[in-house]
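Look at the two complexes coming up: chain A is in both, with chain B in one and chain C in the other.
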Partner chain A sequence: MSHRLRRHLRHLIAYANITLKEQTAFTGWFWSDLLGQVVLMLLFSAFWQAVYQGRESLGGLSAQQTLAYVLVVNTVGLVVRWSLIWEFGVMIRDGSIAVELLRPVDFQLRMYAKMTTTMLFTMGQQMLLLGLVAVLVLGLRLPADPLVWLSFLLSLLVGNAILFFFDWTLSLVAFYSTEVRGLMIFRDGIASFFSGFLIPPAIMPDWLQRVAAFLPFGQVLNSPAMILTGIVPLSEVPRILGVQLLWLVGLVLISRPAFRVAIRHVTVQGG
Partner chain B sequence: MMRYVRLYGAFLAQHFKVLMEHRLNFLIATLSTLFWQGTGILAVWIVLDQVPDLNGWSKQEIFLIYGLSTMALGLAGIFGVNLLYIGQGYVRTGRFDLLLIRPVNPLFHLLADRFGQEGIGNFLAGALLVAYGVGSLGLKLGPLEWGYLVAVALAGGALYLALDLVTAVAAFWMVVATPLTLAVNHFTQIAAYPLDIYKKPLRVVMTWLIPYSLVSHYPAQLLLGRPAGLMPYALFPAAALLCFLAYRFWLYGLGRYTSTGS
Partner chain C sequence: MSIIQVENLSKRFRVARKQPGLAGAFRALIRPAYEEKTAVGGISFAVAPGEIVGYIGVNGAGKSTTIKMLTGILLPTGGQVRVMGRDPYRQRVANARAIGVVFGQRSQLWWDLALIESLDLLARIYELPPARYRERLALFSDLLDLGDLLRKPVRTMSLGQKMRAELAAALLHDPRIVYLDEPTIGLDLVVKERIRAFIRQVNRESGTTVLLTTHDLGDIEDLCRRVLIIDSGSLLYDGPLQAIQERFGQHRLLTCETTGAVGTLALPEGAELVEAAERRLVVRFERSRLTASQVAQAIMTQVDLVDFQLREPDLASVIRQIYGGALASRRPDREGAAL
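Right, the complex of A and B next:
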């Protein structure tokens, strides 16, 4: 292993460690988030049960499939709700971006370590608890095939990375506008919609499905959820992962040069 | 009372001066919440377009309920957004002491200290949905019904605000209580749909414990001419009682407040 790679790896682990410590400090947020997710789950499951009353299928999905999809998407849905954009806004406002850029660590790598560890940590806890509620209270049935689980986790991880690099590129707007709250709400709305968090894309009208195909959000939640719920068979997994990887590579290639251009415009507001 | 109305006007004037300095940001904040609500509404719309009804509620009727709840949420957001920041923004930093030494009611000062511009988007989305519901259902509303609708929006906003206050007061003990406020706030989403699509325990909670549905489901029943007994009017005493209790609780919390200031 080259010296450079080893150094990168060491930084990655160190930042993952710091994030873990930060996360455990905020247990209040954790439980509130969890309750919020449970409430949403109750709402969605009641809503879909009412929708399917006296109906066999909707958009080609059975009641069982849609319900499983909705529960899975809700359990892992935190992935789309987090946003790097806020972090960028804070760093620009309080001036810490200047310090970040001076560090002898790749800034993007550091942020990726931070965001992904946060996701894995919170989801590790939250997903387990939410999954438990979904299985015990709401009757979610999960697959037993370890291969399905492996594909799901892989797809989820790649999906998270896709969103990270998308957010990274979008966050660069903050270097020009300094306003991030509105941008974040826009991004949350559009991502919730097209990722499948609100409704399965299969139920959307054709034209919206076509729009969804041009956006990365479906790769983040819809793809892993389709795998875990068995709506798509295992034989489809290589194709799904392939598409995800294409998205990932494309967004990585865009995000880095875009950052180099945008960073010249940063105006730190205070600190 | 008049003094506080005038004072709020003065605070508001200051906020608007700031907002007008950043006009584009103000526009973005309003439009973004409107857009955010829009995506949620579009999702529901797409589903309801494909099914004739939801437990006997048509799309238009559901949007009336959705709108009533969203309007109240918007109002509470416009006037009460600072309740979310009491812990981080005031107690932890010691700025809360400042509110205590000024010659105005500290709760009033806290509320007036921040104007929830994002609430405007929610309020507008809610009002549009109510208008859509009333219009598309061809409801003939007389002056009495319109008056009732306005009263529901205002009392609904007050009820939402009172519940936010109850949870925000916990900041006097926990320092940061925002998660608690948000946690209870999550239930507003349940109130956006007809109560009878839920199982009984949730219906009881939403009517008696965290009574957000008094703002949406029951008033909609009255407007739609569905039998509901006196429940469509329960919102008013409930809002008054909750405001009273929340304020007492606030005073109790205030008595326990110890400055962290530095």
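Right, the complex of A and C next:
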């Protein structure tokens, strides 16, 4: 391993470590957020049961498959709900970006460590509780094959990275306009829809499915959910992961030069 | 050989110009108007290794913008910066390894965690060997009295404690240059003293170069032999502190208590009456032309004096004169200045 890579890895671990310590310092919002998620899951489940009333299948998915899909995306939905855009906006507005740029650390790596650790930590806790509700109350049946679980977790992690690099590129708008709220609402709406959080893409009309294929959001949530629910067989997993990796590499390649251009516009408000 | 070399450095910002009111806000939304603002307009200076240089100016003069360009956060619009031979913007990460920065109004510590957690992280990022880290920690615990603070969450610290913590964080990796942007802002005298002593010691023992931005002239008098004065983005003065004090501190003030009201007062050439109240007179005179006793004698022949007090010029009044334009009008006879 090269010296540079080792250094990056050490920085990644150091920042992941301090983010975890920081996360354990707050617990208040966790419970209110979780309660909201449980309510949403119950509503989604009731809604889709009503949609399937008197139908065998929809868009090639059976009622059971759709329900399982909905419960899975609701359990791990945090992966599309977290927002780097807001973090960026805050850092630029309050000038704390200055302090971040003073560190001898790759800034993107540092933010990846922070955002992903926060997301995984919160999601890990939520997954346990939401998963319990899904399994015990709503009758979700989970696969027993460890290979399916491994593929799911890998796909989720790559999906998270895809969204990180996509959000990163989008967040750079904050360097030009310090207002990011509008951008965040736009991104959240589009992402909720096209990731599969609201509707499984398989049920969408053809033209919408084609639009979805040009966006990265399906890679973030739909791909891992399709794997865990068994809607796609294990034999399809290498292809799904391959597509995800292509998205990831493409976005990494775009996001880094984009940052170098955008950072020229940093003004750093105030003293 | 300079450790910091700045040549003709400038920074212009494009700022949105909005008309006031709701209509103005909408107009700006549809057709935004911009204007260029020059924060730093072509300054040049050099700093030698081990120097402590005071960088002063009123709010908005361009101090912080300069520091941000020296640290590599901001891309200069024009000119050149070299810090230890590097371009700090293009080689930001490499530059960051060799510098330390304290922004008096901005924390670099993890707010909700104990101080030691932030220091542990910094030690890992700056790749301090464990033995060296322990050594630095022991040194700072002693010099900055960090002992009990190490286990304390930063958000629960007082302003003075926080600043000591910030200094420890900025100097942990023994940087060759440290930029201190208003490190004593809002602090009481005891803490100020402690921080000044710390900066002096670090400079003396490690040869750390210090660029100090401050509004506290006590910091400057205590620490700096050389000052840079910036106003509206231009460097007004670069030279020894002593020279500026001697040149602009030429007025002394004589305050007299009198037995009764004073009518007209004839004063010798070089002295002027600046305040005349019921039983009080304040006379300003040039030290190069008159002595205090000459002025006092001239007054005593005209009024009965009960008491009098002589005030020497302090740095604050000198700086006030400079900000007020005294230096600009005297530029031709500047001395020791590499303007």
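Following the convention adopted for this analysis, the second predicted complex is superposed on the first by the 269 of 271 C-alpha atoms of A that agree within 3 Å, B and C clash if a C-alpha of one lies under 4 Å from a C-alpha of the other, contacts with A are read in each partner's own complex, and residues count from 1 in each chain.
Heads up, the rule we're going with is that contacts are C-beta pairs under 8 Å (C-beta built on N, C-alpha and C of every residue); 3 or more make two chains touch, one makes a residue touch a chain.
Since we're looking at a predicted model, the values are computed, not measured.
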Partner chain in contact with A:Ala98 - chain B first, chain C second, else both or neither: second
First, second, both or neither for A:Glu236, with chain B first and chain C second: neither
Partner chain in contact with A:Gly182 - chain B first, chain C second, else both or neither: first
First (chain B), second (chain C), both or neither touched by A:Ile190: first
Which of chain B and chain C A:Asp145 touches, first, second, both or neither: neither
Touched chain A residues, chain B compared with chain C: B
Common ground on chain A, meaning residues reached by chain C in one complex and by chain B in the other: none
Contact footprint of chain C on chain A as seen in their complex: 7, 10-11, 14-15, 17-18, 21-22, 25-26, 95-96, 98-99, 101-106, 263-264, 266-268, 270-271
Of all residues in chain A, those that touch chain B in their complex: 28-33, 35-36, 39-40, 42-43, 46-47, 49-51, 53, 55, 58-59, 177, 179, 181-183, 185-186, 188-190, 192-193, 198-199, 203-205, 208
Complex contact set, residues of chain C against chain A: 13, 59, 64, 68, 71-75, 92-94, 96-97, 99, 101, 103-108, 110, 112-113, 117-118, 121, 124-127, 181-182
Complex contact set, residues of chain B against chain A: 22, 24-25, 28-29, 31-33, 35-36, 38-40, 42-43, 46-47, 50-51, 54-55, 118, 174, 176-180, 182-183, 186-187, 189-190, 193, 197-199, 202
